[in-house]
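Please find one structure pasted underneath; my questions will follow.
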């Protein structure tokens, strides 16, 4: 099933709104890794009674906010090489242990952006052919985390669906995504089935269906 | 080639003498693991200008002598669970890193006792059928150390050769032994060939040949 | 708020049911989680598969689990306790004997999401060729052997395929720990403890000292709290150093 | 006496010949051994195969080796530097792209005597199916691809076989070190440094601070000296923190 872009504008959640909706699903004690883009907006929306441990691929467990200007420590960065801080009770490990956390199932959730997600949970988010290839920890994160949550705009800049029947970009992992949070909806993917869990306020399933490249079940 | 016991007594090196002869071949900076028996006698014979780092399987790098009575620390033992001490500059690692040292080729020599050694360097030293089986780190040590040196009596208590054509006891490793130090001789095993490197003082190759269960080359 | 400290060790171990697989830290009595093992005995579970380097030299720790008849299988490199062998040869407990470095690496691999790995240790020996008895029948015949392991040549050497161990539970002992589960060990009592903790789906650590969160500097933590689910205090009644009777290889 | 301290970094690196394989620690500029990499440039070696997480974001470190045309192949997860890709697409350097966790685990495995291991990372992707270009010809055609990797199912999951990396040399950076080669790292500058050090047949560490033997307590040493062959002091002239321009995944 292919689908062309829908040009009609709808007003769903903002990027902050997507992050906030996702943050509401984080549970106390979760160990969480955040990718670039909307995922990086999640920490400020975590409810006050929920404590999550932020993991960075370069060996930080218990990452705090970015370092204030003038207080950067070149020996303390996140996976994007930005100077960060630590929370009380943080721990440092080497890169092998950092990925032991990831692959060994000790990471509860990784929140990632996506180029495309298939209805079966295949994820493409590491490489746009023609650009410069680099993978970082993306393939380890999707293979290892207990849950892979995608936070993204529902359609791309040209209005084309990013939730598709089959990813056309190179895959990061097969059948790995368990939830998708977009401006329009929340989906759960359960044993290969895409389920609409929730519509954003003011958004109908029909609006979502018109902007989604693969059929879904209304749960 | 089988061989019966030779009853005639010869007077070669003592157990201390074997350890002393072996210790003379240790080079400055060697990382060394010592098995039970004669190998444990080696440290006191290391020449004063030679510094070796003693490794114990339970994660000690830089082991010193046994703890003096009254100064035992239950959190500091050797691989035989005896209370030991540390040298200045010692380091503690977990068991996985301890065996990374061993298997990764970072251990220069392991000195072990043996039930039998074949002329090709097969070693049997972990299990006497009929007794209680246990292996500890023996198989990792022989597979991983750069060199495996055996320190033992030339013949068993019944006078039977312990250097044999083919080990009849279960193997610890195949083709792993590089040197054998006994009361009568020093052998090197080079690409599967057993070479008599040295006779103990007063011992002739004929005496050794009569007590060795496999032919050897006089180097 | 994350607070992994539990006053009640019995409650912390209650999720362990009969039949569970349990990785246990310690090397002999050094770093052995005696309080947790005693508590497990009090819980009265049976049919346990314990993965541990030594059964021990006395009737504390795993030795107590053994003599109370709670063990279905032991995976170990050096059991020590003579009674263990009596039970093994009588067909009352299975014995998966593996090299000590393989044990450490299998625990780490399981905890690190590595399904299997090739090690040179034990290649071409009776611990990898399918001839070592895993268990006996009551009449003394071999009931089953440790299955033959895949051998494969890389470069000019032969290696054996060994599988990562993911244990249902892990019981470990640490010197210091905080309420986030961050642990520090002391000297050679570290040994298998961090690896067993990584291997466990649910890991409980017994502490000599509970310290305030933040007291352990980030660079000084031996095992981060993400690998630990609950921490309890070591009981003063637990034996600190058991009597060991034999020297291991 | 064991004394691994060398006044002269150039002499310490002299055994590295053209064609060598070199594992390098660091994550971006954090923990990158700049003094050693600069010294390697001064040594004027060519045809090097460097294993490192990032080529870097500027022309220091690996970036300098690259722009000076010293690299035959880079094994990395996230090169960053645009000039690296220019050289790659022009057929002047090979690029073995692997997942970051696979890179860390391959270095550790090589250092630990593990020939190969099965990881789920990258299974069923173009980094394991033989389609990713390892190198290009001058005319822009693909000269060779990263060979397809063995896939194997354990349980209900698919895994990829990855090989341990034993590098001829390793260059790492530590915060503190002693003359026995014992090292301590600081915060996230630890990253790949202990793993690269384990992987090297001959490992040279660059220290911010040389401390007296015994100043590092046995429980506080992040990497024991057995993995380190020589230590040198970091030059004050080395850049402490390069300019990074993109965020990695």
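Chains here go by letter, A, B, C and D, matching the order in which they are written, and residues are numbered from 1 within each.
Keep in mind that, in the parts below, contacts are C-beta pairs under 8 Å (C-beta built on N, C-alpha and C of every residue); 3 or more make two chains touch, one makes a residue touch a chain.
Keep in mind it's a predicted model, so treat the numbers as computed, not measured.
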(message) Count the C-beta contact pairs for B-D and for A-D, then tell me which is higher.
(response) A-D
(request) List the centre-to-centre spacing of subunit C and subunit D in whole Å, with centres computed as mean CA coordinates. (result) 34
(message) For subunit A versus subunit C, what separation do you get between their C-alpha means, in angstrom?
(response) 36
(request) Indicate the whole-number Å distance between the mean C-alpha point of subunit A and the mean C-alpha point of subunit D. (result) 29
(message) Could you pull out the residues of subunit A that touch at least 2 other chains?
(response) 86, 92-93, 96, 99, 102-103, 143-144
(request) Specify, in ascending order, the residues of subunit C that touch 2 or more different other chains. (result) 105, 108, 112-114, 119-120, 185-187, 190, 218-219, 222
(message) If we use the touch criterion from the header, which chain pairs count as touching?
(response) A-C, A-D, B-C, B-D, C-D
(request) Could you pull out which subunit C residues touch subunit B in their complex? (result) 27-31, 53, 57, 77-80, 82, 85, 95, 97-105, 107-108, 119-127, 132, 158, 175, 185-195, 222, 240-241, 244, 247-249
(request) Under the touch definition given earlier, write down the residues of subunit B that touch subunit D in their complex. (result) 28-29, 31, 49, 51, 53, 55, 61-62, 86, 88-93, 96-97, 99-107, 143-144
(message) Which stretch or stretches of subunit D touch subunit B in the complex?
(response) 1-2, 108, 110-114, 178-180, 182, 198, 201, 213-214, 216, 218-219, 221, 224-227
(request) Going by the contact rule at the top, pick out the subunit B residues touching subunit C in the complex. (result) 35-36, 56-60, 73-77, 79-82, 86, 92-96, 98-99, 102-103, 125-127, 132-140, 143-144, 170-174
(request) Under the touch definition given earlier, write down the residues of subunit D that touch subunit C in their complex. (result) 105, 109, 112-120, 152, 154-155, 157, 159, 163, 184-187, 190, 218-220, 222
